[in-house]
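Next up, some structures in structure tokens.
Both of the next two complexes hold chain A, though its partner changes from chain B to chain C.
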Partner chain A sequence: MEFLSPSTVEEALEAKHAHPDGVPIMGGTDVMVELNFDKRRPPALIDLSRVAELSEWGPDDGRIRLGAGVSYTRIVEGLGAGAPALAKAARTVASPQIRNRGTVGGNLGGASPAGDTHPALLATDAVVELASVRGRRKVPAREFYLSLRETACRSDELITAVLLPEPTGPQQFAKIGTRNAMVIAVTSFSLALDRERRAVGTGLGAAAPTPVRAETAEEFLAEEFDWEGGSSPSEAVVRRFGDLVASAARPIDDQRGSAAYRKHALSVMARRALSWSVTEYRKGAA
Partner chain B sequence: MRVSFEVNGEKVSADNVWPGESLLYVLRERLGLPGSKNACEQGECGSCTVYFDGETACSCMIAAGQAEGRRVGTVEGLAEGRGKGADERPLGAVQEAFVEAGAVQCGFCTPGLLVQTDDLLERTVGAGEGAPDDAQIREALAGNLCRCTGYEKIIDAVHLAAERRAGAGSGS
Partner chain C sequence: MAATTRVTDLSSTTRDGVGTSPRRPDGTLKVTGEFAYSSDMWMEDMLWGASLRSPHPHARILGIDITEALKVAGVQAVLTHEDVPGEKRYGLEYQDQPVLAFDKVRYKGEPVAVVAADHPETARRAMERIRVDYEVLEPVSDSRQAAMDPDCPLVHEPHELPHHPEYNPRGNRLRYQPIRTGEFSGTAGSAERENGVLERLRAEAAAVVTTEYEVGMQDQAFLGPESGLAVPAEDGGVDLYVATQWLHVDQRQIAPALGLDQEQVRLTLAGVGGAFGAREDLSMQIHACMLALHTGKPVKFVYNREESFYGHVHRHPAKMRYEHGATADGRLLYAAGEVIVDGGAYASATPAVVGVASSLGLGPYEIPNALMDAYGVYTTNPPCGAMRGFGAVQACFAYESQMDKLAAELGLHPVEIRVRNAMSQGSKVITGQEIDMPLPMAEMLERCRDLPMPPERAQLSDPSDQRTLPGGVAGTTRGEGVVRGVGYGVGLKNLCFSEGFDDYSTARVRMEVVGGEPVVLVHTAAAEVGQGLVTVKGQIARTELGVEKVVIAPSDTQVGSAGSSSASRQSYMTGGAVKVACASVRDEVFSLARSKGLVPDGIEDTDLSLSGGKVVSATAGALVALPDLLGEAAEGGAVVEHTREFHHRPTEMLDPELGQGDSHTQFGMCVHRAVVDVDVDLGLVKVVALDAVQDVGKVMHPQQLAGQIQGGSTQGLGLALMEEVQVEASEIRNPSFTDYLIPTILDTPPMRIDVLERPDPHAPYGLRGAGEPPTLSSTPAIVAAVRDATGRPLTHAPVRPEDIVGIEV
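Coming up: the complex of A and B.
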């Protein structure tokens, strides 16, 4: 097995071009588990931890450009206001040691349906930046997840950044697990209200073979919500929103939870996220 | 491959390293530093926690080659003074507090808890903040599993170490 240590994005892309079966490694929190347990023996490891650009973030044409290698710890510390849903999701990842190492790029690369950041990226309409020696391209998160652990990222491409739209309303993230730390989501949910476009975004984790949106629920709430005054939706609207979110899920029974429990939990998280958002929305409007 | 980095302030090198092996393996099996414990090998237990360029991390999840040129701090470095083995040096303040509070039973999780506690005290008392409260301690140690103690004595030990460090800092 080769170990490649590129120090620039260009070198990293050359390495991925030369070794399309090579596995990129940043925080190692997924890749090293597979190596330690002998589940994977890639021909090459491409270490991205010395590529400075990947660990940078900053404003970019009205959005935040977050390098794919920025750790969850830095997202929690720096992006609470700029990307609330993502920061809240990052806050729930594993433990301090793992948050010091794990990255959004790794979450996207592994594309586990239970990955903590996917619901927030879907709900907020984030964009994934992919790069290869052929150039860079942008793929909306909403088109990134293709099937179980399969994504739009091609074998000669690296995930270089995510572009996070400026929030124009409340953003929430909720996750169900057996304890607060070190939990793979039983199921998770993110909600974003976009005051300017009067649009609703959702994202569901561990609810289907890929992270998914609840589009019918989004359209329903966008229609029913009082965008002018932010008054509390009726009990019937809240309940219907929860039911529509649950109906977008195609969960399975596994050791973490049953499909029926996941659907129920999603409807509860959706109702709660909505009520937190309404309170916040009114504060923002006042 | 050959990997060279800094451990507890000393420059070290390891030869014939397989690129896919972990920093934990290099520390324990190639450099004779068995303080960091190998338990889960998947980041779940925190027993292999080390400082990596100043931040705590599970050394089982760092590929050996990623450590090239980096600064690593292990539990051996928490004892007072420098040197390779910790056996003959006096314990550091966090270690003393764990002994006094009875926070150690089988001891397997202890090295990781010590490093993670040292980091918590550095970021709180050491940064001019007050001593951490129960919630902060539980949050900081959430990634370190102990199957013996039930954690109560560990939390006592962290409070004890924090009080002493705060006291020492104010000159009392």
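Coming up: the complex of A and C.
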């Protein structure tokens, strides 16, 4: 196995171009598990940890540009206001040690349907920046996940950043695990209210072969919600919203939980996230 | 090294003795990451071993072709069952487990071939090239069917197994143990008459509760996976450095498989990263030795976590049916229990687990009429054997759940019904054995009930702090749906081995003077598995011999057996052996002092003691300092050394029809009160408090005792809420720590521990084994608390979120 350690994005892209089967590695929290357990033996590893640009974040034309290699710990510490749903999701990732290593780029690259950051990226309409020697392109998170562990990222591309829109309303993230820390999502849910566009965003994790949105639920709530006054939706609206979120899920029965439970939990989380959001919305909290 | 001179007051006792909390000798190394665990061993030129395991739970082996594997560069050996030099089967009690599978594989993950290569990766690559031709058979997955259905396919052909008539084996039954007392004792063997008695008792009872329960397969989840290093020796034998629980029982099984004499197989304990029962059975021991002898080179094995799930036995999953009847004032009239434990493919400790699950199957209650049936069966599921609590855990979940149900039926407080039926010293368990040691059960229950409660949620400084809520920082609730519940549990556990087993322990103790200072060496074969025996051995030597400097020799087979580090027995047994060996050393020191005319006439040995490095008379004061009495060892001074065995009182097998007999050595008890917050909409649980009252007879080391009770309680918490090796069609669905969840510190609540010291007159220092009892009672206490919060029946441990929200699994 070849081990490549580029120190600039350009070198990294050259490496990926030369080794389309090469696996990029950053924190190693996913990739190393697969290597250690002999699940795969890629011909090359492209170590991106020396590429400074990937570990930077900052404002970018009204959005936040988050380098793909920024650790979850830094997201928790720095993005609580700038990207609340993502920061909440980052806080639920594994353990402090893993949060020090793991990155959003890795989460996107692995594209596990249970990955913690996907629902937040979907709900907030984040954009994934992909780069290759051919140039850079931007793909909305909502178009990024194609099928089970398949994404829009091409074999010669690297995930270089995500672009996070400035929040214009409350954002939530909640995740079910059968222990109180260090757990892979049984299912997870993210909600974002966009005050300016009067739009609702959702994201569901571990609920289908890919991270998904509950589009019908989004449209329903955008229609029903009192964007002007932020009054509490009726019990019937809340319940309907929960049901629509659950019905967007196509979960499976597996060792982490049953499909029926996942749907049930999604509806409960959706109702709760909505009620928290409404309260915050009224307070004017972003 | 800085030398310190300490002037010891003649009247002072030796510090760091029994009852104090000296630091563990291995503690700092473990905390700083410098301790060498068995997986850290390394030798020049060593080879790496790897095991090829069966991908099928049940299949006939039609052929094994190793040709391609041998061609891999760097491979030094590929061995199959044909290469086993001696006995092809081994086992703790039944010799039924193949060293390497032949004819058939009986569980997924059974070792079929082993490889030694110059690199672990090479070994794995070679393994992939071994071709095994299997004819896949239907798995035998249902333990109830295996126990009851005469048409169930057999896991083992009858003629293949050693015969153990005392266990009533038949078909896939490994052991069947009935127990009958009171009115049931006259009806044994007749289902019809038994039913007659049952119907009469039912009619007489004011309340009858009948329920089926299940306990899932729990993993010991030790952190240090199976590993060891076998080094071929010049005498044709082998030296094995291994993490195990009982060096001599390993030796007893390894030597015949290798075709060697016992003395040619020498074992030394390597650093053990936890055990909890999972290291009672062999894993890589024979494989490493075979490869080392075959290649003439040291061979190291280290399992990874997934292989570890296949490489050791688990706690038996149990299917249970219980019926209890009580009078209107809450007194038990009768109880009937049936427990089926799934032994998996090989016997391991299953017969002994059945002995515990039956004899203690109805718990610590006065029951005039008892009917108990316990079965251990073969299936093609992963083999199950010893785990902390050993058969008593499963039954305790059922009988404690029953007591709660009965209390609810009769409108009694859960503590009240337990107190009304509580055993005490002089009570008889259902085997007829009298509890001839203190058992202050009623007092313990009341003390536990009266412990201060944790603050109500509303009293917290921030009731919406997510870290205090079910789901934690995953943010699933800000208080919505959260309901508090309280539950109690009590369990009775046998301590030391039972049923006629003489699990003696041996200790060698040497006293000599080195550099002007008396030094004591304690040498045993006992396995330090993290429990702290290594500290306790030193404390006992200090207390008995009045010498501060105690050296603990590495545990190996150069000294007699110490028995297993299980059954909560090592403080009792190896502690007892160290104590008696110290007594022999002390007696010799006294007679030496006498022979030198240092003991005034008229002073008996009973008047003498060793303290502060001196021979001291209670009446005449200090007589002589040990350095002066013994002289410097290197200059021909006296070396006083004794090796002594310690045996507990004999026990007996249960009779096969009525299950009567004094089968147990000692009994231990813990009482738990659990307080939980449950998110009743999402089925998530936060244990708020898990408080315990335990009688340990005598506290040997307060800090380590607290660690044992906290650890046992937490392991029980895991079984209550999350820990289950999920087995479907005989295949493990979650062989990883990603999906086999054990409690983290955020799942583990503060624990108040109230320790009683009511000495057991039969035991050294009056002590009682302390490691297991908390593992029994914490599980039912937590589940009871979740029932209290939710009103759900919750008959399966662990409780799943589905069970709480009412979704069928």
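One rule holds in what follows: the second predicted complex is superposed on the first by the 284 of 286 C-alpha atoms of A that agree within 3 Å, B and C clash if a C-alpha of one lies under 4 Å from a C-alpha of the other, contacts with A are read in each partner's own complex, and residues count from 1 in each chain.
As a working rule, a contact is a pair of C-beta atoms (placed from the backbone, for glycine too) under 8 Å apart; a residue touches a chain by one contact, two chains touch by 3 or more.
Since we're looking at a predicted model, the values are computed, not measured.
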Message = One more residue to check, A:3. First (chain B), second (chain C), both or neither?
response = first
Query = Counting only touches as set out at the top, which of chain B and chain C does A:182 meet: first, second, both, neither?
reply = both
Request  = Determine, under the contact definition given at the top, whether A:37 touches first (chain B), second (chain C), both, or neither.
outcome  = both
Task = Determine, under the contact definition given at the top, whether A:173 touches first (chain B), second (chain C), both, or neither.
result = second
Message = Tell me the contact category for A:213 with respect to chain B and chain C: first, second, both or neither.
response = neither
Request  = Kindly classify A:276 by the partners it touches after superposition: chain B alone (first), chain C alone (second), both, or neither?
outcome  = second
Query = Counting only touches as set out at the top, which of chain B and chain C does A:73 meet: first, second, both, neither?
reply = first
Query = Now for A:100: first (chain B), second (chain C), both, or neither, which partner does it touch?
reply = first
Request  = Determine where on chain A the residues touched by chain B overlap those touched by chain C, and list them.
outcome  = 36-37, 95, 180-182
Inquiry  = Going by the contact rule set out above, which residues of chain C touch chain A in the complex?
reply    = 124, 304, 306, 470-478, 480-481, 681-684, 686, 721-722, 726, 733-734, 738-739, 741, 743-747, 800-802, 805, 807-809
Message = Which residues of chain A touch chain C once you look at their complex with the stated criterion?
response = 36-38, 88, 91-92, 95, 172-184, 186, 254-258, 260-261, 264-265, 268-269, 272, 275-276
Task = Please give the residue numbers of chain B that touch chain A in the complex, ascending.
result = 1, 18-20, 22, 41-44, 46, 49, 52, 55-58, 60-63, 65-66, 68, 116, 139-140, 142-144
Chain A to chain B touching residues, read off their complex = 1-3, 5, 25, 27-29, 31-33, 35-37, 41, 45, 47, 49, 73, 94-98, 100-101, 180-182
